[in-house]
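Before I ask anything, here is the structure I am working with.
A, B, C, D, E and F are the chain letters, set down in written order, and residue numbers restart from 1 in every chain.
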Amino acid sequence: MIQESDDVIVKAVARLLVPFIVVYALYVVMHGHYSPGGGFQGGVILAASFVLLGVSHGLEKTRRRMSEKAAMVLSSIGVLIYGGIGALCLILGGNYLDYAKLGKILRVTPAEARSLGILGVEIGVALAVMAVMCTVFFAIFTAEESPEDYRSLE
Amino acid sequence: MEVTLLLESTDNAFRVMERAREHAVGLLDTAVQFTAEQTRFRQEKRGQLLFTGTQKRKTQFQNIVGTTIILLAFWMLLSGKFDAFHLTLGVICCALTAYLFHDLLFANVRVGDMRVIAARFIAYIPWLIQQIILANIHVASLVLRRKMPIDPQIVKFKTKLETDISCVTLANSITLTPGTITMDIKDGVFYVHAVSQKVANELNAGDMEDRVAHIFMEADHLYVEDVLDAARIYQTLRT
Amino acid sequence: MFEFIVNYYNYWMYIGLMMIGFYAMMAKRNLVKKIIGMNIFQSAIIFFYISTSVKKGGATVPILEYAHGHATHGIEHGANAIDVMQYANPLPHVLMLTAIVVMVATLGVALAVVILIYRRYGTLEEDEIMKLVRRG
Amino acid sequence: MTAQIPVFIVVIPLLCSFLTPLVGLWRKDLCYYWSVLALSLCSLASIDTLFAVIQGGPIHYRMGGWAPPFGIEYVIDHLNAMMLVVVSAISLIVAIYSKRSVEQELPDRAVYFYTIFLLQVTGFVGIVITGDLFNLYVFLEVASLAGYALVAVGEDGAPLATFRYIVMGTIGACFYLLGVGYIYVSTGSLNMADVYQILPDLYHSKVVLTAVAFLLAGLAVKMALFPVHVWLPDAYTKAPSAASALIAPLMTKISLYVMIRVLFTVFKPALFIDLLPVADIMVWAGVIAILGGATMALAQTDLKRMLCYIVVAEVGYIVGGVGLANATAIKGAILHILNDAVMTVGLFTVAGIVAYKTGRHDLSDCKDLFRKMPFTMAAFVVGALSIIGVPPTCGFFSKWYLIHGAVIAQHWAFLVALLLSSLVSVVLFFRIIEIGYVFQASHGEHANGAEHTAIDEAPLSMLVPTIAIAVAIILIGLYNQTILSNIIDFAVPKL
Amino acid sequence: MKILSIIAGVLMGAALVYGSLDMPKWGDPHSPASTHVSPYYLQHSIEHTATPNVVTSVLADYRGYDTLGETTVVFTAGMACLFLLGKGRKRQGK
Amino acid sequence: MILPFDLILVLFVYICAIAAITIKDLLSAVVILGAYSFFMCLLWAQMAAIDVAFTEASVSAGIGTVLMIGAVSKTKRRSND
């Protein structure tokens, strides 16, 4: 369990930086088409912003923004976005994950439909990765330290 | 020697200019602050919880808008793509972030002060850069002399800054200036490592602290003129 | 001989790392050390894959806008304008993105298991744990 | 829409596993029904695919509509289709079986259990169905991670066993990845069919040789071939009974399937038979595994651990059978994959019932079980007879083909090992039957017999799947000619 | 154990070095890895997917199924951590 | 790729790897592992694999190190080997 940091500098700087980190992460996710980056990197940076918040302001305050339950739901939803886009292509008459068929409902050319499909997929991946990394972070940092039935060498 | 002279004269010029501007802004500030305080006092006295509720919501809304604008500027700096699609994405992302994190960027800052603070902060930067250059020259001269007359010491002083953000600005300014490093802040006491006596003296003089305090409109009473002005305004308002 | 080494050294650099990782995984008794070894082992393999994607002779990042020849408008030029030799091979990069994520996922599960083990036995040294297990 | 059915085999458990936590948030007890529903849909799809393959030959499915060397492709031939049915049917049966056992062992975490259960099945199915070397690695990791999680929640000592499993499993997966990398360097392709086309020109290259070595080494770790089996017994003994009933039969069989796939459809059979000494090494590895597994099984006093060593021995049968490299032996090996999966799941479900009823799974806990649970033990006897190789059960036929293959190849050591291990199985299972039946009968007379003879049968949700497996063992034995002529004869490569 | 693992590691390394002797030269633009499949991606990425970053287009479209599997791996890891370290977990030993 | 620069990076990578598995203080070992990942990522950026380098920097050197520090803080810091 991480307590709130008593260092003013860390707290204030973390407070100021977190929104910018989040926007940077979103930028990385959204601009995966043109520059290095994409869902995984963006998701991990998003998770890093929560980690920063957790390390500086304590887990209690972080939990107010992203609880374990919310993280679990978000990870499901993120992966479902990916799988759902694939299934949508299936419903629209293509093979699984054939984004070109999305053009039928989006009314764009197949190439652009694929581009938009990639964007959607990246958003799903980013959500899932962010939520899972938060989950793992919470799980490891809130694990009970004191063993209940603890056998030691003594 | 000439360089130092030159720098000092520019310093003086800066100082004069800044004083003038400060004078004007400070006057305005105290007025604004005073009226705000008056209203708040009145509200609290009447105990209008509903009113403060809407006030809070309004503050929150202003926070969100302000955060969005700042983040959007950051986004455009990163993105460099200005077609409709990417701009829309940017607005959505920034608004979302601002909604989720609106209380982080502007915590402990009185609304309405933002513009003034920003202006003062921007005005503070050239001064800081100048200080950094001066300190650089100083440290370089220390190091390049054969005997290396350094005198490392830890300076401890109690600050008059109140909010955390001003403390952080001061601490980071101190750290940015070569020769001094902020080690810790505990209950308003700064522990600063200074490399020589001269640096430590400058630190103790508290020039930087005053300026930082000025940026964040804290401890304005330290400026005698401001105090006088405030007294004058107060008097005019009372009568 | 020198020519030969210059041509192949990049394929060999990862092997040393792999051996280090393998040794740590097998011989170290501390469980966290084993995980560290696992991490080194996996990233060595990633190193190998990335080595296969390199093309000598000025090949750059596989992002089509940043090629030497055409400045920005890859879209108008279409397929024939793209000179394949100017870009690194993207396929190993893609595979290794997957492998890195798999790596961190394995890391997370392994750490969770390590915490469980510590909770049970109060130590992370394998020999001490074995002693406790044998004692029953 | 019928052309899309193959994809449902993977996508249904995948999407349903993502939805399981959401279902669990709403109603916790629905998760069980939800996963059973998902797995039954998956089984239906795979059975449909099997019939489609039998009627119309191999099915190719392009993921995302991209042509094979560039995109990822499903290739479902006879071997695949059979494995798909085996995997999905067994996981359905285990899912039905798991209800009471999970309620007892993991009461507050059933939601996560079923999520990971479905992910595990997804991993298995994904490995089996894919036609791409790297995609296989990805799903191997899905299956492995889910397996680690399922094992680690077991009884006391499970985390330590899991840690070993993680270390060994990672080494195995990394070796596999390395082998794929060497193949990629020399061919530039990851698609199995494409590699199959390109590789023959490169068979004398050292790169391909190393690739074969590392692929097989990695898979050997994953399938727990004898010298590197050390992770298996601990892990599967300590796992919760529902989890071990799912993983123990399937994980090793799927690694064996991957081995067969790599040897026959990525490399040409000629490579490992004529050019390299791989086949001989495999037969001897099989012999060692059979003898080692059987010997270790004799030394155990724990029911589940004994079954684990039997699994190790069975792996030796199949590896050796493939290594014998004649059509009969390979036919026997493939049939044995099917048979072994079915009979191991039968035995592990019975072990799970024993653990459910007595709380432990030592051999000494089997006392008097024949009276308490006659149906369960009948199923156990059927499974045991099949492991020994008694005619109407399915184990006999695959062993018969393996022995026949050994005779054709004139590999007497393998023959002797097979017969010896059958003998050991007889000893093992008669010991259990003695403990469960004879021992107690004499003992029960001077204890108060009335209490012991009261029938205390397992709950229906556990009993029905167990009996179904026992019936399946006999049915597969009776209809083995149909299975052979319709499916396995097509899966055996032309040597 | 230490000596055994050193021997195993060295054997593994030797096998890998042996295997790498027949590889195409490092950085050879005409090696099979860079001429067989990957030029297709580079040439057709923009035409098919309107995405200049070829890595993204291969990751999410040409080999999108891999990425789905990868996301599943991540999801599995998250669920596994919740499963193992989740709240209210009581050890049930003997 | 510039050969000397490359070799220096590889040297750093090796030093970090060996240090990470020999140091007895687990927290230091973990932090050195983070440095190892980071040098690895520089190496890959050198080989024109920026996407991979980016991922490695964020995933392995970032979150991976955080998780390992968490695990070490929950368990023991000293190790016997």
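Keep in mind that, in the parts below, a contact is a pair of C-beta atoms (placed from the backbone, for glycine too) under 8 Å apart; a residue touches a chain by one contact, two chains touch by 3 or more.
Model, not experiment: these values are computed from the prediction.
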Shortest chain-hopping distance from chain C out to chain D: 1
Steps in the shortest chain-to-chain touch route ending at chain F and beginning at chain B: 2
Most remote chain relative to chain E, going by C-alpha centroids? B
Of all chains present, which has the mean Cα position farthest from that of chain C? B
Which pair wins on C-beta contacts, C-E or A-F? C-E
Distance between chain C and chain F based on Cα centroids, please, to the nearest Å. 11
Between chain B and chain A, distance of the C-alpha-averaged centres to the nearest whole Å: 34
Can you tell me which residues of chain C touch two or more of the remaining chains? 16, 22-23, 51-54, 59, 61-63, 65, 91-93, 95, 97-98, 101-102, 104-106, 108-109, 111-116, 118-121, 123
Provide the list of chain A residues touching at least two other chains, using ranges where the numbers run on. 34-36, 38, 40, 72, 75-76, 79, 83, 86, 96-97, 99, 129, 133, 136, 139-140, 143, 148-149
Give every residue of chain C touching chain A within the complex, in rising order. 61, 63, 65, 97, 101, 108, 111-112, 115, 118-123, 128, 131-132
The residues of chain E that touch chain C in their complex are 1-2, 4-6, 8-10, 12-13, 16-17, 20-21, 23, 25-29, 31, 33-34, 37-39, 41-47, 50, 52-55, 58-59, 63, 66-67, 69-70, 73-74, 76-78, 80-81, 84-85, 91
Listed in rising order, chain B residues that touch chain A in their complex are 67, 71, 74-75, 78-79, 81, 86, 89-90, 93-94, 96-98, 100-101, 104-105, 107, 164-165, 167-168, 171-172, 182, 184-185
Which part of chain E faces chain A closely enough to touch in the complex? 46-53, 55-57, 59-61, 64-65, 67-68, 71-72, 74-75, 77-78, 81-82, 84-87, 90-91, 93
Chain E-touching residues of chain D, taken from the complex the two chains share: 14, 18, 21, 63-64, 66, 69-72, 105, 108-109, 112-113, 115-116, 119, 122, 126, 132, 134-135, 138-139, 141-142, 145-146, 148-149, 152-153, 155-156, 178, 182, 184-190, 198, 205-207, 209-211, 213-214
